[in-house]
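You will see two complexes here that share subunit A, one where it goes with subunit B and one where it goes with subunit C.
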Partner chain A sequence: MREPIKYVFIWPAFLVVLIVALFPLFYSLIVSFQSMRLVPPVPPRFVGLGNYADLLGQERFRSVVGTTSLIVFCSVTVQYVLGFAIALALHGKVAAERLFRVTFLLPMLMAPIAVAMVARMLFHSTVGPINEFFTLVGLPNLPFLTKASWALGAIITVEVWQWTPFVILMMLAGLQTLPSEVYEAADLENATPWQQFWGITFPMLLPISVAVIFIRVIESFKILDTVFVLTGGGPGISTETLTLFAYQEGFKKFNLGYTSALSFLFLIVIILFGVVYLAVLRPTLEKRS
Partner chain B sequence: MARVTLTDVVKKFDEVVVIPELNLEIQDKEFVVLVGPSGCGKTTTLRMIAGLETATSGAIAIGDREVTNLRPGLRNCSMVFQNYALYPHMTVRDNIGYGMKVRGVDRAEIDRQITNAARILGLVEYLDRRPKQLSGGQRQRVAIGRAIVRDPDVFLFDEPLSNLDAKLRIEMRSEIKNLHRRLRNTVVYVTHDQVEAMTMADRVVVMHRGVIEQMADPITLYEQPSNAFVAAFIGAPSMNFLSAKVQAAGDGLAVVLADGTSLPIPAEHTDRYGPAKGRPVTLGLRPEHMAGGAAGPAVFTLTVRVIEPLGPHTLLIGELAGSRMTAQVDAHFPCEPDQTREITVDMSKMHLFDPEGGVWSWARSASRA
Partner chain C sequence: MNRHRGSRAVTFALCAIWFVVTIFPFYWTFVTSFKPPTAVNGGPTYLPFIDFEPTVKAYVDAWSGSRGDFFTPFLNSTLIGISATVLAVLLGSMAAYALVRFQFRVRLLAGAAFAAIGIGGFLLFQELGLSRAQAMGVSFLLALPTSVLLNGLRLPGPVLGNNDVVFWFVSQRMFPPIVTAFALYLLYSELGKEGLKALDTYWGMTLCYTSFSLPIVVWLMRDFFQALPVEIEEAALVDDVPRLRIFFEIVLPMARPGLIATSMITLGFVWNEFLFALLLTTSNWQTLPIILSGQNSYRGDEWWAISVAAMVSITPMLVLAFFLARLMRSGLALGAIK
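Our next item is the complex of A and B:
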């Protein structure tokens, strides 16, 4: 207690964190152990882990987790590979590089809901320009939004289109920090561009790659608007994601206890993923620091 | 045989001519230092030899191979960069072995070479560390290690010691020189530090604005600079320059300064400087060719402004005939700022330059004649 004055400065900030972040979290944790409905209004009743047990036993929940994971895995993988490749291309000397750089970043600046609306029109089974083009060249129309596998593909495509720019931006920033002498040294060693990529660029950008993938995975798990507008979770529940499921339970059925439990399971899934992801990569990252 | 030859090499960046036309021949096993002030084109020349810059015109050959348009990896040059250019994510071992790995050298051979280089450079205990965990000197040794395992035709050093502190720089200087004596490869070394150039080189190439001002061994460069630029650049502290005239004095000649101070030219040099009689010249005097007090025929009075005791000797910085003048005197020479002191100068070591171009052409032609 050499400098008690420091607590005067810390406490207000701590209180704000307590009220704004921790209280709602704690409150929703309590609600998740209750049976609470708004419509019709039912007084809260403590059910312990009942909501959690219900959820885990539900086939729909497991399907939703699977669908979300599939979308996250596929879209983030493509975003990373494509984003890194485009960043490498933009980092090299290409003509009109500034124009490409700005153009590639535009999708990220649009509201996901608007992107989804546009995509919905593009992929429309009958009046969408993609199917119209197929008709024009004599190809059969494809059920982009009405068949489960195609609908998942459409969602992943939209996610990739919208969020690859984020990967480009981050990887490009990383590439620009790499010292040019290191590549000159590799040139003198007669290392091919491919050897330089795997031997120098990729390992040197690994810390940024880890962060980019982590951010994109967390963000992708929260995917809602794209699915909501594009497919509404259909056909059936084949494209329903965790957040959409939570939305249906919370705002369609007003089953708040159940939704809170779902949100906490969601939080646990993400924390587990984060812990495992970082635990696996930590040894590699620590070696570099 | 790794002779390096640059023939009529010109380098332009867009329309800016960095190297107007350069001709340089570096002999096999020779240690050549390119020295000059910032922007003189020394690093560009080195990078053209390495292939990291392409010559706009002209030809570069290493040994009997014309390499002008060959990519860097095919020239068999090793380069040590100013910022070391080590791969930060690799251990010392991997850094040294990277080149061999990409060339597909057998693992056992790579290990043998790494061990050998580490032994030569005293890096054995650091082989599993990363560059971040090493000191500046150790990093520089790793960079050298990476260069030597290749057994290159030519070693290229681009200001390798400029990021090190003064003490370490002196240590590394002798280490590199020893290494050259041991490996006997051709070395092209770039520095802006004339002391580094003088102490390490078999031959020093002084460059200025992309042009070679003089190429010579260090002693020749110091004793017979071909022009005022080289004379000013080589030597520390720098040579003093004074506007003067050569006039007859008794039987011989004397250099007369603007304030009337007359410094007689020794009799054995009168023939050499005879053609300069009656002409305005620039007199060049090195501080180390002076002594405190009046102890010879050529004496001037220095108004001392600053005194810099360096230990073995002291520098008196002041004014003489309207020009700045530095004199090196005995460490215990009694003097205070703003006092005047008589200084004796050894005129047999003086230099005379044409004041217009700074070129010593008339004196040189006279001495040849």
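Our next item is the complex of A and C:
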């Protein structure tokens, strides 16, 4: 089928993505093999894998990767379990379901920066309501944003608050596609809700679960806004994430080659994760379908 | 049946608790924006008129600009948001339509040639004495036609179809944004050295957001177009109506719910975006999230003022959420999620 008009349709979008998203990547790939600084301006010098080797040998880089993975792992796990539970509850025709459905979507649409600002206010040690609540139930005043473990907890909490709605939305859409006949049959055999969940609902929603978790993990790895406002990576570098680290290197130290190398390492981490994740889960998925 | 009622109560409790957790930060921000300083610094206060006397002073301050200009970033966010959304949805729908109704074949070798000529040409032309931006431009202009030509030849190697093209579009979105944002910063600053100012400009930001919204638009709109019946278009084709007219006069109106939902999602993304704005703007075209993030260092923590700033950023999205929810309820946007 030869229809030249199809190129009129696709080329504008294709060109924009090529020029703005793809082509600059070539450039930054080249820069990642160079030693290049803006301040003080040093002419670029080819250093091969020097930047990469440097980064991998750095204690700070390893700690940043660890912190980011920890945040991603904890927040996505909680998001998935909580989001799935709430989706099930909403699907089961709970009272005031309409109100809940609309409200539960809200956090997702807010600017992460605004959310983090509000969270800073809520977690504040003297004027914040969360600490007052904890004092009320007899706990000491907690250093949410100034002590490493509590600060990580606060960041994870904010992530869970903002992105559980995404899991709710997707799982709810998945639940609506399930055929009701299977459940009727299960009811006839007196299967308990618990058995029905593990025997029918969970396996049937496995493909969408895999997709949801995948999207959330990829997105969470990019985390910057929340950390930027909430802790700025501190105390020390205990809550610094990959994106924040790259930003600091590039725009505080103007070490461009380094930052480019870092962002490509980041890309490799994401791709590795994706490949491993899909490879591990493919057998389970194929068996089901 | 007693157990049934028990589980009902549990699910309701779960929803109710999550409802409170979700709503409380909104309530807190809203209330705090009306607090006088004394009601903030003395410890948490909760209820207006009982705990404290509400005041609109923080709003007046924000409006008069005594705490930094809010109006310009608001306008910037709106302008950039709307133009990027319109562009992305227009170009993205066209591409999505093409990917649904036509067959595309892209040879992997042609793609590889594009990358090879792009990178090699850039290095070569720089050696020949061209500036970085010039070398980039020339190698791009060389790489593109060559790879298009190569694609027309019968080359060996795998051939990619429509699904792969869609995947290519969507995969742009999976990249860590710092990779592309940083690369774009380098490109824009090189362009600046050639006299074409791209950093901190309206068109620079619009172009950048258009490009990064396109993957989502292509992905969502493809689902909507796939759901449309092909017969009407075929009837129009028999009558020799040109494709472009079919698209704009028949297909787009039919896909209106999808267009609205996609536009709202895109607008939300651009409105809330922080990293690109942080890297690519400095003063003139700063957007709301940038101003917002600067609030905590600006004159210390004046929470009432920060709350006003947050309200300014949140409110348009609340309105948007309301409309999106209405769309969802009528079931129109469900196809996009599936």
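As a working rule, the second predicted complex is superposed on the first by the 261 of 289 C-alpha atoms of A that agree within 3 Å, B and C clash if a C-alpha of one lies under 4 Å from a C-alpha of the other, contacts with A are read in each partner's own complex, and residues count from 1 in each chain.
The rule we apply is simple: a contact is a pair of C-beta atoms (placed from the backbone, for glycine too) under 8 Å apart; a residue touches a chain by one contact, two chains touch by 3 or more.
None of these values were measured; they are calculated from a predicted model.
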Clash or fit (per the criteria above) of subunit B with subunit C on subunit A: fit
Which superposed partner A:122 touches (first subunit B, second subunit C, both, neither): second
Partner chain in contact with A:136 - subunit B first, subunit C second, else both or neither: neither
Contacts of A:195 with subunit B and subunit C, given as first, second, both or neither: first
First (subunit B), second (subunit C), both or neither touched by A:102: second
Subunit A residues touched by each partner, larger count belonging to subunit B or subunit C: C
Touching partner for A:203 - first (subunit B), second (subunit C), both, neither: first
Touching partner for A:279 - first (subunit B), second (subunit C), both, neither: neither
Shortest span in Å between Cα atoms of subunit B and of subunit C, once chain A is used as the common reference: 9
Complex contact set, residues of subunit A against subunit B: 179, 181-182, 184-192, 195, 199-200, 203-204, 206, 287-289
In the complex, subunit B residues that touch subunit A: 50-52, 71-75, 77-79, 81-89, 98-99, 101-103, 130, 132, 146, 150
Subunit A residues within the subunit C interface of the complex: 1, 3, 5-6, 8-10, 12-14, 16-31, 82, 85-86, 88-90, 92, 94-96, 98-107, 109-115, 117-122, 124, 126-129, 132, 161, 164-165, 169-170, 173, 176-177, 193, 218, 221-222, 224-225, 228-229, 242-243, 246-247, 250-251, 256, 259-260, 263-264, 266-267, 270, 274
Sites on subunit C touched by subunit A in the complex: 7-8, 11-12, 14-15, 18-19, 21-23, 25-26, 28-29, 32, 40-41, 43-44, 46, 91-92, 94-95, 97-99, 101-104, 115, 118-119, 122-123, 132, 136, 140, 144, 169, 172, 174-180, 182-187, 207-208, 210-212, 214-215, 218, 242-244, 247, 268, 271-272, 274-275, 278-279, 288-289, 292-293, 295-296, 301, 303, 306-307, 309-310, 313-314, 317-318, 320-322, 324-325, 328-329, 334, 337-338
